[in-house]
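Residue numbering begins at 1 within each chain, and the chains themselves are lettered A, B and C in the order written.
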Amino acid sequence: MSDIFDIYLLEAVLNGLLLGGLFALLSLGLNLVFGVIDVVWICYAELIMCGMYGVYYLHVQYHWPLLLAMAASVGIVAFLGWLLHQVVIRPVLNAEPINQLLVTGGVLFFLQAAATLVFGIEFRNLGVTLPSVRLGEMSFSAARLVAFGAALGGVIALYLFLTRTYLGTAIRAISQDRAIMPLMGVDPARIFALTSALGGALAGLGACLLVLQYDVHPAIGLSFGPITFLICVLGGLGNMVGGFIAAFVFAQFIAVGGFFFAVEWGYVIAFVFFIAVMFWRPRGILGK
Amino acid sequence: MNYPLHLAILVLLWGYIYTSWSVMGRLGLVSFGHGAFMGIGAYTVVMLWNYYGISPWLGALAALAFSAVVALVIGYPCFRFRIVGHYFALVTLALSEVARLVITAWRDTTGGSLGATPLGALHEGASISLAAMQFSDKRIWLAIVAACWALGLWVWHRVDRSMARLALQAISEEEEAAASIGIHVTRAKLRITLISALMTCLGGVLYAQYQLYVNPDAVSGIAISLQMVFGVIAGGMFVMLGPTVGAGFTLLLAEGLRLAFGNRYPALDTTIYGVMLVLFIIYMPKGILGAALELWRRRPIGQTFRT
Amino acid sequence: MLAVRNVTAGYGDFNALFDVSLEVRAGEAVAVIGPNGAGKTTLLRVISKIIEPQRGELTFDGTSLAPLRPHVVVSRGIAHVPENRRLFPRLTAEENLRMGAYTSRHQYAARLEEVYALFPRLKERRAQVAGTLSGGEQQMCAIARALMSRPKLLLLDEPSAGLAPVVVQSIFELVRRICAEGYTVLIVEQNIRQVLKVVERAYLLEAGRIVRSGSAAQLLAAPEIQKAYLGL
């Protein structure tokens, strides 16, 4: 009896690992934008929702091949990220941080409501079923495995971009000292615009991976938005390594908590854990 | 006759709830977690009534006590460790989500996301049940809500006047300096948070008893918390009647659109609302009333957010 | 090469410079000296367009700097080493140099070797995180970073600030070598004695106004400077 008990616990832990990879990818975009531009996109999850709808419509309604639909969606959300920055963020770039939070909150309302208007409240399923992968007594959804792999790939690609390319170095530089960037000949506005597009692209990638596993509906942002924020704050806002670690820790709480109690209690436990950590390390585990 | 009464009640009720939030918000303590307090208020009275027959009047006291504990448990470490700005907003966001998740997860008791209804107490055509705090005559509700709203304004006014306001303004601008002249930062912040939380909790109680239906997404969670913040921003955070104007504005917008378009375009009001809020933050951060008053008096009102 | 004429500039209501005029000719090394708070840093910031002058003209190589936005100034050939070095603390020394060459990235590799030839000690430390370099090394790195863009005019803001006397010596040695290589340099300094040994001409800036100008020798010998600044 304890044998089976352990194996299913192990399965939960491993699923938590897979979930952690996905969370890590989601948190990257948010952390990148905050680390560079110093703004939290409260509507980040809603951007992901747009990407999910993009994949759904392109693939299911217009019969585009799945990978093409996904690539296009990444592009669409990258554009949305850029647009968000130019239209909404730029005017309040020098205002109080709360104004920036609130203005992206307004966009959150707008995107959710617009999605309801345009797409309706029904849950939409991509209709792509991937088989389960069996490992001994445990089974894992192939969608989860693919998502994990792609997420890790995204993380590595971002890391290489930031450390090996000129533009990536400029992005890291601007997050360390914004004021002297003009002395390097760099127009900060252009780097911000690029970072926003990159943040959008990461959200778009997250959307592709999420839509494989979950149905999309206008309020889906509420399901993983708060979690993404908390993970970023847990790891230290703006700290990508911290967010990466926090994602896996958080996911474990959800998976194991959900294993011992019901699924939602797993989330409750994770959130309470977050609040507790905030009291111990108010700036996040790896925060400054 | 009922419909305009209904609208008036809603405007005053939400005006009161938004005012409760702004007691904290205008002093730089921008919370995204007030959904937790409203949820506690709403669900505590309904659950105690439905399962234990405890009158909502007493249930309200229990809810207030519960809210006070939560406010102190979360507030104390936040203020002691100087969690401000983004971090404070996100911690409070986590709080409201915890509330929503707990309510949803505990579905056997609370009904989960389907919501819950207080057991009816108005039998055989009775229109008043004092013990159950249920009144079918909307005029009674109007009186109750109006009294509460006036109370909220009075509290806002008192907080505004008192030392606490000066202290907190000093704090929000220069924490170290304020601390050095003996203004006990943490205690002052906690007091304001407590007041705000208790007021919001009461709003939740009234909401549950008036609407006779609660569900976790309507009274707790990030959506309702954001709605409170926005209502205050739209109306004007630094003016006493600002939150009420905000409530009136959003309700009338929703109703106006409903009358114009019927139910053909659900969520059209929120779509427009979202756009307007973006525009408000960018162009009119002092809100409708704040901007109007500034124009009229030709001098600046309050200050922009400082956390 | 650089002409500053009747510039008045400052921060909001505070003006820090009043009717300042100076010029720097090609190949020259010129200093602006003066006490703390005289407006020296503001002057350099006006030249690199970080601050817009309220009045006056700025001309470089014959063309006006007026319409330029700050990040364009580098590509025109003016490189500014800011006060307190301002290296990117968590980038390596070499990555800092990379940032300096941003506007001429295609020539980066070649330029890097040229700059390392001037700063051999920096080459040893190329992979070290900039925040962990010593004060003198940081100053070297900051100057090298500015040189990466092959500037026609180098602006140096108080290169000796915050450095130990022994290190200050080596920094001014470095500046002397840079001048000898033919770079046009405008240095702003509080350390009057040292800087006047390195430059040909200097201006004395006090409370936002140019009160004296002349050759380095003239200024060194001037009695008011000797009394007020050299403690003689």
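We adopt the following convention: a residue touches a chain if its C-beta (ideal position, glycine included) is under 8 Å from a C-beta of that chain, and two chains touch if they have at least 3 such contacts.
Computed from a prediction, not measured in an experiment: that's the story for all the values here.
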item	value
Other chains in touch with both chain B and chain C	A
Label of the chain whose CA centroid is most distant from the centroid of chain A	C
Inter-chain centre distance, chain B versus chain C - centres from mean C-alpha coordinates, in Å	56
Chain A and chain C, separation of their C-alpha mean positions in angstrom	44
Distance between chain centroids, defined by C-alpha means - chain A, chain B (Å)	30
Multi-partner residues of chain B (at least 2 other chains)	none
Residues of chain B that touch chain A when the two form their complex	30, 74, 77-78, 81-83, 85-87, 89-91, 93-95, 97-98, 101-102, 104-105, 221-223, 226, 229-230, 233, 265-271, 273-278, 280-282, 285, 304-307
Chain A to chain C touching residues, read off their complex	166, 169-170, 172-173, 176-177, 179-188
Complex contacts: residues of chain C adjacent to chain A	48-50, 69-75, 79-80, 82, 86, 88-91, 95, 98-100, 102-103, 105, 146, 149
Interfacial residue positions of chain A with respect to chain B in the complex	40, 88, 91-92, 95-99, 101-103, 105-114, 116-117, 121, 218, 222, 225-226, 229-230, 233, 237, 262, 264-265, 267-268, 271-272, 274-275, 278-279, 282-283
